Structure formats: structure tokens, C-alpha cells
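Same chain, two partners: chain A is paired with chain B first, then with chain C.
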Partner chain A sequence: MPAEKTGKILVVGGGMSGITAALEAAEVGYEVILIEKNPYLGGRVTQLNKYFPKLCPPNCGLEINFRRIKNNPRIKFYTLAGLEKISGSEGDFDVTIKLNPRCVNENCTACGACLEVCPVERPNDFNFGMDKTKAIYLPQDFAFPLRYVIDDKYCTKAECAKCVEVCSYEAIDLNMQAQSLSLKVGSIVWATGWTPYDATKIDDLGFGKYQNVIINMMMERLASQGGPTKGKILRPSDGKEPSRIAFVQCAGSRDENHLPYCSSVCCLASIKQATYIREQYPDAEILIFYIDIRTPARAERLYLRAQKDEKIKFIKGKVAKIEEDPSTKDLTVTAEDALTLQKIHEKVNLVVLAAGMAPNTKEWKAPAEISCDTDGFILSNTGVAGMYAAGCALKPIDVYSSVQTATAAALKTIQSLVRR
Partner chain B sequence: MAEQVISPDLGFVKDIIAGGGESLKKCFQCATCSVVCNLAPDDKPFPRKEMIYAQWGLKDKLLPNPDIWLCHQCSDCTVYCPRGAKPGEVLNAVRKLAIEHYSVPNFLAKAVGKKQHLAFLFAIPTVLFLLILASLGHLNPLNVPRNEAGQISFAKFLPSLYIDGVFVPVAIFAVVCFAIGISRYWKDMKRLAGPVNKGNIWSTIIATIWEILEHKRFEKCNVTKNRKIAHFLVFYSFIGLAITTAWAVLYLYGPGIMKLFGAEPFSWMLGESPYPLTDPLKWLANASALVLLIGISLVIRDRLKNKEKVGSGGYYDWLFITIVFLVMATGILAQLFRLADIAVLAYLIYFTHLVVVFFLFAYAPFSKMAHMVYRATAMIFAKHIERES
Partner chain C sequence: MEKKIGVYICTDCEIGKALDIEQLIKVATKMKAPVVKTHPSLCQKEGVDFIKNDMAAEGVNAVVIAACSPRVNYDVFDLGIPLVERVNLREGVVWSHPPNDEETQMMAEDYIRMGILKMQKMEAPESYKVEDICKDLLVVGGGLAGVVAANETAKAGYDVYLVEKNDSLGGWMTKLYKQSPTKPPYTDLEEPLIKDLIKEIQQNPKIKIYTSSLIEKIDGSPGMYDVTIKQNGNVETFKAGAVVLASGTVPYDATKITHLGFGNYPNVITNVMMEELASKGEIVRPSDGKPVKSVAFVLCAGQRDENYLPYCSATCCMESLKQAKYIRNQDPEAKVYIFYRDMRTPGHYEYFYKSMQNDPGIFLTKGDVKGISEDGNKNLIVDAENTLIGEKIQVNADLVVLATGMVPVTGLGEEVLPPGVKPGDEFIPYVMIETDILNLGYRQGGELPSLAYGYPDSNFICFPYETRRTGVYAAGPVRAPMDISSVIEDATGAALKAIQCVELAGRGEAVHPRAGDISYADFFMQKCTQCKRCTEECPFGAINEDEKGNPIYNPTRCRRCAICLGACPERIISFKNYSVDMIGNMVKNIEIPEDEEKLRAIVFACENDAYPALDMAGLLRLNYTPFVRVVPLRCIGSMNLVWVADALSKGVDGVLLIGCQYGEDYQCHFATGSHLAKIRLSKVSETLGRLQLEPERVQMTQLSIADYYKVPQILDEFLEKLKEFGPNPFKGF
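== the complex of A and B ==
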């Protein structure tokens, strides 16, 4: 007997997991509303230079997904959208969504004329503050929707309004106000994602204090064509090419003072990033300091290949001290090599901290009684009928596994709608 | 690689856990501890290797290893440990077992380390002093002894002949036990370290003593910075009290000895106590007692303050801290009640004072007090083998 299609599905979070869950459900015929807090879809994946283990860029996969969304009338998505209130129960949730003003409407063609005249700059959070954009900006090169946005924290609005004058499409509306949207949905998928752990809290590693100590996600941006250095890996303090780079594994992860769990992707991410450096600087030396290298299943091959590389040295010992030479901004990292029983002090010119993944539900409290573990990840049994979690909201996982959990969540939401 | 046979001693692992190292098994060998420790040398740093020796029960690698004493338990390692394995506390428990292992007679070492034997250890001095007082007929609260001036006099309560009759043998006992213990320890360290430097041992000893007097090592601690001042005060108050004791011996026996040689005793040699508060000996005694009060209070405060992250130590630590505190408290109170002329309380507290002083010195080779001798020995050895400069 064909299932009776009742109710809509709300997907919270428009990253890879949210997009997948939305598409899977929509492509079997369900109405889906996808909301995303950023001005673009794609989430953390859009910040990556390459995926492991295949080392291919994420853009092609994202593009396919964006096309699936465009072609599917059953998916309605909102960017710059926040969830305000949920009431009701499975099959009958009342949801209030806040739509923040973009100040740029659908007319925008991303021609860039506004950029020329905008006098205000803002730090570019997409590139972790390593460069700046104008107050009106395109969030990133592959932004979907391809439309500019105004950061109202920086824009002086009516005082300036130069962009409005110059825009020939009447795309800019500086008076755009936040709107509230009320919806009825039958089930909800939480795909709220993750944030890199705030490495400034790891006081012995100098992040935030020493310019040439960066986190792994910053390395992704440095290596990306759309990044602050147009894909050339240069150290932040002086824009010089690094010749000796240290990767510090478990920066925050597996540490009860920070994130008590293994973030599961950082070993492979660092090995992957070592290949970025090998490509750009064949003579550069790479040191990877680790507690244990975790590269399960097929990913082991990437590790074995790196082990054979004479320019990559794996050192068993966690870095617990980083000092900067103030004149050169070079860094000395200290660890005990547990295999040789020597405390070693290695001088390098760039340090990459393998910062772990913190669930966004750690800082942000969902407006629903869903159950989280002590680390802030949503439990697979959310405790509320009709609500399911997907991707890194559940646990720290790679993109491939996130997609699997998203498909599983889509199935569960469908079951929830059909079961009654 | 040459085959290496290791012999784990599971009983030893249990002993470490029982001695305050219950977090031992949480260690996953990340080596954060060896890096954050400012005292650990670059070559074979501690305490990561000690943590795995301890987990595996490798008693033979741990006990004769001077590194366990080069650690001053700053607890920087414990604070930064990502697993809550508390290396500082584990090494503290290992040090307790090292004292127990090397000290002779062993049964006393075992008794000092275990709560259930506490009553027995207190019973020895209590019974001893009660017997002496009973034989003197000084146990009747209605008829307390006073001196010719009608003052409360501890020298009348328990004449110095008896005091010295007890404490001189106690001191000799402690010194002999210490000597046997550290000679066993030195031999064992030599066995583990292999051939050693034949440099001048005396200059090494002097350098070590100087280092201890300066308390330089404590300055390298980050998290428990305050420990330096606390330990410094306790350490120097003990030196002050040791000088006081020697001084009092001079007052007591000086006149007699001078008479023996036909000389006229100096007038400042006051003879039997009590001495007036204006006498320099009393200045030193009371100043030392006050410094000890401040020092030991800081020790207690710091331990309680850092309890959550660092751990507050086990029974063995607190027994020692309590005894030191009681020695100081009973000393000060006995004097106050004597001056207030409340005889029964003054004598009762003085009696307690004698019991805890006995406890402190007679059991010093087995209690945490032994750390001063073992740590100093390990520091000398480490310099001797050029592990330390």
C-alpha cells in the first residue's frame, strides 16, 4: 500500500548532512524546508580544499547537490535563518523561524559593482579572519545561492548607501528587516554541525598569541584557491613560504580539559594537508606529532604512503609547549619522543594545530527538549518523537560518514511521518 | 632488537593504587607530562616513562630510579594531563613505596603506611610516657608538680633525665635506620645506573645541600607556585627548632659540665626550664614555632585549594602533615597554658606534645619525613652520575 504523504520535514542546518537529508527525503516525494544560519549552503565542506582519502576538491560534489536542490520543487531553503521556537509533537510541530536581513534581494547577479564603492571592511570569517572583505560581500566563490550579502555589524547603511546608487539591478535594500516565519512540520532533522575547537583555550600551544600557529581549518583556507593567499601556503606573520612545518595532533581532542573525545578526522586531515605542502614545497620538511595515528579501514593507505615519504616524519609524543622567537616569528615545539625517550625541541616556521570538532549544540541550545551527551552531541535517540540528528551533530565524523547518517535520518523522518 | 623480558609485579601496581595513585591506569602515554615538567631533563625525561613502568608493575625500574625523587610534585603534569591520570600523585605513591622498600625494619615502614596500624604506633609512646609518669607519681590531677617558685614546670613534671633517656635512643634509632635505608638505596641506584662517574662526591653533596637550602627547584613549578614559600617556612622553622633544642641542651648541661672542669658556669646558661620569655632562646623557639604554624597552615591550605585538579595526597601525606601540625600546636598551647597557670591542661598538652614528637622522630625513617633524606640522596646521585648538573 503506498504511504500517505502527510506533513513536511524541517531540516535544521544546510551543511553536507542537512543537504543530504533534505534531498533524500524530497526525492522520494516529501516536502522539505531546509534552514541555514549562514548566507550560503554547504557548511564546513565549502571551506575544505580537498577531501581525504581521494584528495579531490569538494566543489564538484557540492555542485551536484546544489543542482539537485534547484531542480527539486519540494525543497524550500532559507539562508540566514535561525530557529526560534518549536512547540507541538511528532507529526504536528509548530515552528517559528527568524529570517535575518540579507539586504540583497534575488535581483543580484553578483556583478561586483558594489564592491568597488563600498568603503567599509570586515574580517572574513569564512577565511578565519586571515583576510578582509567589504561590508557587502560574496560569502565565497562557490556560494549558493550566488548572491551578495551585507554584514550589518559593519555596514553604515543610510549614511553611506553608495552600493545602492551603483547597483543597476535594484538588488540592494538597506532597510530590509528581519522576518518571522511560522510553519507546521511533521518531523525535524537536526544537522547543526560543528565548529573547530577554540584553540585559544589550549594555553600551552600559543594559538591566538603567535601568528604562525594556525589551526587545521585555516590550513584548508590557505591551500584553497578561494583562500586569503589564493591557494599558496604562506605563513601569516610575513607571507613567507614555510620550509619546516609541524602538525600538532590532538590539539584539544582526547583531552578532558578540552574535548574528551577523539575527533576522528584530524589524523587524516593532517596527513592530507601534508600532501598540500608536499605539492607546493617539495623540499619542505613536515613533522607530525601524535599520540596515536588513527586512520581506520581504507584510510590506512594514506598513512602508509605518508610513512614512506622521506620528507614526512612522524613523532610519537604530544606537543605541550610552543615558544616563539619574537624576531623571526619562528616557533620551537617541544615534545617527548616516546620511542627514543628524548625531549625534543624542533624549530619550525609554521605550526598547524589539529583542532578537534566541537558540536554546535554545545554552545547553542536547541529550542527543543532533545537529549545530548555530556560533550554536547545529540544522542541518536533524541528523546523526542519525530526528531532525529545527522552528521557532526551526532558525533565527530568525516563527510562520507556524515552523508550516511543523513540518509539514515531521512529514512527515520519518513518513517515518523508515515507510521501514524 | 634484542629480546627483553619484563616481569610485571601486579601486587606492586595494587600498592601504588592503594597509596594514592588510583588514577594510574588512565594514562595513555601522550607524554604531555614530560614536556610541561620544568624539572625533567631532555634525556629520558620523567614522568611519562615512570607512568608506564608503574602501569606494568616494573618495580625494578621504578624504585632504584632517582627520577622519582627529582620530581618535586609541582603537579604541572597533573594539571595538563589530558586523561586525569595525575602523574604527580602516582609518583608520590611510588615514592612512598620506595621509602617502604628501602627502610629497615620493614614492618615499621609498612605500619606507618597503613591507617589500621595508627593506634599501635601511637600506643608505643603513650604507654611509655604513662609508665614513666606513673612511676614518678605524676598522674594525679589533684596534685600536680610545681617547682620551687611555685610555677608550672615541665622539667619537674618529667625530668630531663627521662626525656633524654627516651629521645636520645630514639634519635640514634632513627639515624641508624636512615643510614641503612639510604645505603641500600644508593647501592640499588648504582646497580640500575651501571658504571658511574668517579668525580668528587663531596662537592656534589655540598652543591646539593646548597640547592636544598635555596629551594631553587620549587621556583620552576607553575601551578603550585605557592608551595615554595610553604615548604621554605616549614623547612627553616625545623632548622630553627633544631638549633633551639641544641641551645636548650647547652643551658641544661652546660653549667654541670663547666663545674666538672672546675670552671664557674656562665650566668647566661640558665639551667633547668622554664626560661623567661625575654631570653634569646625563647625568642628563637617561639619565632620558629610561629613560622612553622604559618608554613604548615599554608601547606594545608594549598593542598585543599588545589584538591580538585591536582589531588590532595593520600593518608601517608596527611599523617605527616597532621603530626607536624600537632607538634607545633601542642608546643605552642603547652606554653600558653603554662603561662596562664592552668596546670592540668598545660601538663596534659605537654604530654601530648611528647607523644607526637616521639611519633615524628621515631618514625621519621618510615614516614613522609623520610623524603628529605631520600630526595637529597637521589639528588646527590643524579649529580654524581651527571644526570643533573
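== the complex of A and C ==
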């Protein structure tokens, strides 16, 4: 019989891995604190239109997970929360959490009255800046918790305060201050996730320079109903329907100048995105430039299906450069076909870069002496007893694998409490 | 204690402005709710206190909150009592319909009626208590996955039985000479970690190891399995709470890939044989024992090929690169040729691949190996096409290594379909491959149902540990091809799920996806006709049968989806807070207007996806027909046909079922629930025809939460269809 359940678990990061680690431990019977820096839970997956290889909607599983959270009194979560300080050791960590001001309190009923009066706009980071929201906004359609938030950087606060006047719930507090929260936990899971590699760093691919060169995560938003185009895939430059689209694999990945590792999900992600286009535009042609197509295990079937589609052409060859025709904003993709050794120039009207995964722990240093590799991924042996990593903080992996690592991390954290 | 119902109507969030609240109060009062009150803002502190005050002062112990959707303010309205029902007036009525409209008002009134009826028919569930719950775990298979699962379980304080069929632990891992890099700089081969792990578990008193042992029988259910094993002819029994299935894989039979010459040419070997050669010391040719000077690796041998294994075994590219390194380390003069289709070295493995690309002794090319032949000296000639250096090339080699894939042991048996089901049928409830591994005492067969290619994997991306047998969790390569690091993570995760299952069972709670639900099914056996529908249709094999065909219900196997409740023609299955009677009464008590132009349709909506989608539509202020009345169900598979009959005989013009996607890539969280609903519905259309009712009055559609924007279209079109048919002729009878 196991020892009595004592101590709490802290999970840092409220994406798929963090949510899973928290829920799995809480459903065993442990108390869990989950903190997330965004104003909503769900992380990267809530930005995705569909999952590969099943092509099912991520918000379906998230809905179940949110219900699990709602029904479980053992989980307490904080959004807009960051970890400031950790001291102590396994079984007895003291942590300080900073709760950033949302400027909207629990009274908010998401009625939306504030939206109508707010005069300020901000670029919508959830949609990668492809559209705008008001300075007070609901983070996204599936936002959990369902509550508005004010963007500090854009809101003019007391100068305007129109939202405060119109809110009948006293839900808006423009002077809300950051708060500190100190607590004791026994073990910690780092589920800090990833960010798409900054594709502007890849010189010859034109991202940031040419409007019709986008990255894969932007394609997810374009294809999503809650995206800037309400799910219609349109060219950013002129809002036209694309008819010939190129996917550039390994944009940053497997490249010593950028990400030396393989991000492992991009091949399947691009093939999946090709299905989005094929569904919307049955006549559109798709070119996928790749080094190797990596569709492991049963996911192979998605690749097989794509290979049978005559509108999807797979070209083995690394893309050397992308150029724009300034008058049409069309693009020319130059690559060398590795099989024929011919230089090819393909004219397309939209390019999707399969930008790789960079761990958030590359840029953000955790306030703990955990060991990372040179790419910023946390080692599976974190070097600190009582601390564990899960999901893409650990290695570049898909959602299914992330959930496996998160479930494993849940057991490791429990062991830390039992050992105590 | 007597139930005292309090109905609280919130007038905030436009409800008060859009609806005639006085009229709602009248409706609730007419329903004999003893306390009916309104409040300007129930979700604010004063509102909650308002309710709590009545609970304390007036003895209200069953609360109906007519306000916003149950998806929000769940925490605010946690009143510390089990009987709380939410009537969705905000998203479900006023945010999705025009204000101050007669139809909108009628919709709200019906929902109030339905909410009160539901509460009147509901009882507080009490959890199912297992006496002498057993929290020890059984791990089946002593390879890496099994050893890790046992070790991690024991480290969390639980006792483990580890059963391995061979006479020693370690499985395939013990055959490895070296293992692929797992640590920075990710370029150095590592000593296989299995030896230390075996030592560790052998010293752990919490782990009881049985080698040379097979499972004879696993009877019972989570928290109380009776396990019988056979070890060298001796039978032993013990109790276990949950099971980790880590029975592993076997290499694909390379003799089947005839064009690659394995079995005919002694110097064509498999990747597994290569490990054995390397472990023995020098890598030599099997035919003459001479050290090898040139070796060709053929990747994807019999893989990613619909004639052999259609899938990719995920690890062979990396394993072949590793073995190429063995050759190069043994003899710097030796040449290695690697023919791949796509070099699959995901994540950090790319570093190792890069280091091998930089080795001038290794020649890597994409190519399809079309054949292998042998000369008089047993040297081999490899013919490849579509390579990076030419259309057709030939390479001579002393030794050829085939990277054959892995096959799960769960796939090595005869495929058995449920009685009456044929291959190719539109609906196959489950595929059971009889392998003698677990020998579960379940009416639906002894093993974990197979998902694809013999792998008993989860069908869900978000929930890789979802299982068709509660308490039995597959781990490691038996469930999906995976590398060593993933095996360790997966086995640890499976151990967690097994532990979680026994803890939940101990508390009388359901496991995922209704984790924490304490309600469970009750069978009114006097009326059972032994039709076996419940025992056949339960997606989780929760219900066994006695020799007379009576159902034997196992609460700790049960997932509380209530599919059995929907299946039962005698309507003898119920939950304290979810029953045929309860839903039937809700349906029967909606008001049918005398004006026949005002159609009415019942929409049964799956709680998991369809209901949230409807809710999202309201949240985004999408308007849809006010002629529908939405009834959420635990799973659309819990729909009992009597509800359809109830609705139609009452004068409702049509019934729409909204469930999750079914078929190959099903999205139903209870596996087959939505498909079962579809099948049940197909049976109802004949009956409708006989009654001279258009069968299309009763339909089913599939909807995911992401399809919320389609809600108005789906509902409006259904109503248009009903309009064409005209009013239900049974109206007014």
C-alpha cells in the first residue's frame, strides 16, 4: 500500500503536456497547482485546426480535459502566471508565482459589452498578427477560462476607461496590480512547451519580407474557423484563393545554422495541411519540397494517402531560395531535385514554411538549476531531484508522444512525494 | 431526506431583458417546485449567497439554476450538494434567439420544465464501494517496457507482480550490443541500460518476478482481478488491481520478403541477427566466418509496403545507422552502403545521422532495393533503383542486413469478430485477436481489442492511454512502434494509468473520460429477457453473462457512458442521476403548440462534443431555429429508442441526434457509442414507415466541437425538412 498522499505538485505550463500531467496526478488523488503564462489554457494545440494523422479537432480533447479540470477539486490553475523563484529541495520546494494583472476579474460574464466601446486595437498574437482584436478581448473562441483580458501594452487605461463604464458587473479593474503567490510544493513538472522557430532568420526563404510566405502555424490559423479568415485559406497579400502552394520542409530544422535537430512533426503537419487545401480548393496544386519524409509508425498511412493524390507532388530537394514577383506577389521557389539533379524553379502563389520547434527553455531560463542540452531542451534527467520535464520541453514530439511523457512525468512527481 | 427543489432564475446577461421572467416563474411554480425565485445576477457573490441562504433557511437541497451554460461558472455554482442542475437560458436561448419573441419565450419555458423534471427524477448517486480493494499491479511481459513499468510502479509505493514467459528478463533489449544515443551530444553509442534495470528490480522487495510463466486467467475487474499464472507446470494465483500489458513484439518474418533473399542466402541477415553477431564479438559472415569488408543495409525491408507491413517501425533507420557504426568501429577500412527510402531520424537522432553522413566510409543513398542475388563465393549483389546517383545501380557486399520491422505479439493470432459480424461489415464493434496473452475472463473475449495491424493502441491523439478494457493498459512497442526513450516514457505513463485506475476504483469513481463520476448502473433484473444487447454493445466489455445469459455488471470496469441504458429494450438499466424515465419525461413534457405551423424537434446532443458545439454557437451569438429542444446525453450511444417513440407519440415533429464522428477514425469518446446510435436509428425507420411517418423525421448527424459554426445550418435545415413533411399526424392524440 502506498504512503499517504502528502504534498502538492506544481506544473509549469498549461498546454497539452502541462494539463495532462496535472490531471493525471490529480486523478490519482494528489493536489496540483497548474500555472500558465497565457490568459487561457491549451497552449499550442488550441491554435491547431486539426491533428495528424486522424485529422480530428484538438479542441475536442481539450474540451474533455477542461471538463476534467472543472470536475476535479484537486486542481487549481492560474493563467497569466509566471514562476519567479524556487528554493528548497525535493518534497519541500518554496515557490513564488507572479500573477500578472488581467485587469478583468471573476465577475466577467463574457457578455461582450466592453468590446463595443473599446476604441483601441492590438495585433492578435493568437492568430500570429494576421488580424486584430480590441485592447480588451476574449483570447480566443475556445478560451478557458471564459473571461476577457486587457492587453496592458495597448490599453490607454484611465485616459479612456469606456469599458469600465459599460461593464455592469464591475468586472474591469484598470488598476489591477501584479500579485505574488508563495506556496510549498513537493515536486515540479516543467511543461514549458515550444515556439515556432523564428523564420525571419532563414535568409533565403523570404519570411517577413514576402507577404505570401507564411509558416505552418499561420496555416493552422488560416484554416481554423476562429482564425483571421474564418477558416478560408487565403493569401495574406490580397486575400485571393491560392491555386498553387509550396510547402518547404525543414525550414530551419536539420540545419546547423538554425535548428540542428529534426523537429519531427513538420512532415506530418505539412501533409495534414495539404489536406486542408485539397478540401477547400479541389483544383489546387501542392508541391512539397522535402529532404526525407518522416511519418513514423501508423502515421505512414497519411503519407500513403497523400502520395495517391495526383494534385500533391513530393519533390526531394532542399529549397535554396524563394523570390517574389513584386507585381503579382507570386513566388518562385528554387530547389535542386535530389533525384534528377536538375535545378527547378516553381512558380506558386503561396509558400508555407515548415518552421521547426524551438523549446521555450532556449530563450527563457527557468529559475532552477535544471540541465538542458545545447538546443535548450531539458534533459530527461533534469539534474534536480523532484523536477521533471514533459512534452516539447523535453524533445520535439507530437501531441500523442507529449501526452505519454506528461503521463510519465505525473508518476515521477508522485514518486517524489512518496519518497519524502 | 426529502428532496426540496429550489428554482433560481437569473435575469442577467440579457436574460431578463429578452424573456418574460414572470411567465417563467409561473411555469416553474406550476411544475410544483416549492421555491422559485429570481435574482439579478446569480453568479455574483450575492447571487450565490442568495441560494445558499435558502439552502440553510428553507432546507432547499436540490437546486435548479436557470442562467448560463453549465460549461461556465461551474466553480461558482459548486454548492457542495450533489443535486444541482443548470438550465441553459443564456447560450441556449437568449444569446442564440431573438429577444422578446414568443418562440424564444416558449423555448425558455420548456427548458425550465425539462430542468425541473430532470431534478425531480434525479437522485444523488452514491459511490460503489469495493470491499478489500487490491492496489497491487500486474505487469505482463518482462522486456524493457515491463521492467520499467514494474520499477516505476514500485517506486511509487505499490506492489507489483511481473510475469515473463521466457526464463530471463530483458526481452529484445538483452540482445542489443549497444543502444542508440539518448544524451548530448547524441553521437555516442551507449551501453544498453536494461542490465542495470533488471538488477534494480530484482533487488526491490515490492516486485515479485515470475519468469517462465504464462497467464492462465485474469478474472474479475479493476481493483479485484483474480490472476492465475502457470510457472513450470505449477499454478499460482494472486489478486491484482490493474494490468500493464507489455508483451512486446517479434521481428517480421524476413523469409516472406522473397526478393531480398533471406533464408536462401546465408549472408543476408536481419537487423536482430546483426545485434547478436556484434554482441558475440567480431562481426563475421555467416557463410564462412570471414570478417566483413563491405556491408549493405536495406532499410524498410518489408515495411511501408502494403504487401508486407504497411506501417513504419519507427526505429530501424536509427538502428541501422548504429549497426553501420559497429562495422566502421570494427574495421576502419570496411565499407558500408545504406539504402533507405526516407532516412527517419527524428529529434536528436539527427545528430547521429549527421555524424554518420560525415563518415567517408559510409555511403548513404535513397533507393528502392529491387533484388538481391548471390555469386559463387556467397558474395551478394544488391540491385537498387531510383537512387541519388543513378536510375539503376549495383553494389557488391559481403553481408546484407535487412531492417525488418516489428510485429506486436498481440497480432499473432486468429482474428475473431463478435458473433454475427463479418469482415467488411459497416460496423465492427471490436476486433479480438486470440493470442492467449491475458486470457481475461470477459464475455467479449480474452484480450485487448486490436486497433490496427494487431496493435491494441489508443484511437485518440489526446488520450494515448485510452483503453477498451478499463484497468488494462498497453505499454511499449506492443501498442505502437517506438524507440527506447519512448518505451521508458510510455511504460511509466502506463504504470501511472494503472495506479490511477486502482485509486479511482478504490474511491468508487469512474476513470477517464468521466473521471470522478460516482454514479453507476443499476439493473432491474426481474424484467431482464436475456437479450444480451447490453453485454454485446458495451464498448468496454464491462458486462459479463451468467450461464442463463443474464448480465453480470462490473462497476469498476464501467465507464458510465450509459450505452447499455440505450441498448436495453426492456429499459431495466438506470443510473441514479440518468435514466430512461428521466429523459423520457423531459421529452414528453415539452409543450406542443396548438398552432401546427410551430414545429417542434427534439435534439439529442452528445455532452462531449455536440453540446459544447451548440453552446459555442450561442456564445458567438449565432442564431438558430427556436423550434428545437436540446437534450444533452452522456453519449449519443446512450439514446434509447423509446425516447424517440415518446417524442413522436407526444406530437413532436422530428428528432435529431447529434453525435461524434463514427467509422474508422471515430471520435466518440466511448469508442462505438455514436455508431451504435446510428444503427439503432436505422431500425427505427422501418417502424416509422409502418406508422406512415416519414423516416427522415428522425435523423442523426455527426458534429465535432470545432464545427460549432455549422450549428445554425444543421438545425435550420432539419427544421426545413420537417416543414416539408408537415406536422406530425399524431399531434393532439
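Everything that follows uses one rule, which is that the second predicted complex is superposed on the first by the 419 of 420 C-alpha atoms of A that agree within 3 Å, B and C clash if a C-alpha of one lies under 4 Å from a C-alpha of the other, contacts with A are read in each partner's own complex, and residues count from 1 in each chain.
Basically, a contact is a pair of C-beta atoms (placed from the backbone, for glycine too) under 8 Å apart; a residue touches a chain by one contact, two chains touch by 3 or more.
Just so it is clear, the model here is predicted, and its values are computed rather than measured.
When the two structures are aligned on the shared chain, A:G317 is found in touch with chain B, with no touch to chain C. Of the two partner chains, chain B is the only one touched by A:A335; chain C is not.
By the touch criterion defined above, A:R254 reaches both chain B and chain C.
Legend: residue contacts after superposition of the two complexes on their common chain; A:D204 is shown touching chain B, with no touch to chain C. Of the two partner chains placed around the shared chain by superposition, chain C is the only one that A:E27 touches, whereas chain B remains out of contact.
Contact with neither chain B nor chain C is seen for A:Y154 once the two complexes are overlaid on the shared chain.
In the superposition on chain A, A:A297 makes contact with chain C only, while chain B stays out of contact range. The partner that reaches more residues of chain A, of the two candidates chain B and chain C, is C.
Looking at chain A, you'll find residues 254, 256, 292, 316, 338 touch chain B in one structure and chain C in the other.
Across the interface of their complex, chain A is touched by residues 28-32, 34-36, 40-45, 48-49, 80, 82-84 of chain B. Chain A contributes residues 1-3, 16, 23-24, 27-29, 49, 51, 54-65, 67-68, 70-72, 106-107, 109-111, 141-142, 146, 168-169, 224-225, 230-231, 254, 256, 260-264, 292-301, 304, 316, 338-339, 373-374, 377, 379-380, 395-401, 403-408, 410-412, 414-415, 418-419 to its touches with chain C in the complex.
Residues of chain A touching chain B in their complex: 204, 250, 254-258, 291-292, 316-321, 334-336, 338, 341-345. Chain contact summary for the complex, chain C toward chain A: residues 12-14, 41, 43-44, 68, 71-72, 74-76, 135, 152, 155-158, 182-186, 304, 306, 310-314, 340, 342-351, 354, 366, 386, 388, 452-453, 455, 457, 459-465, 480-482, 485-486, 488-490, 492-497, 499-500, 503-504, 507, 511-513, 515-516, 608-609, 612, 616, 619-620, 660-661, 665, 667, 669, 704-709.
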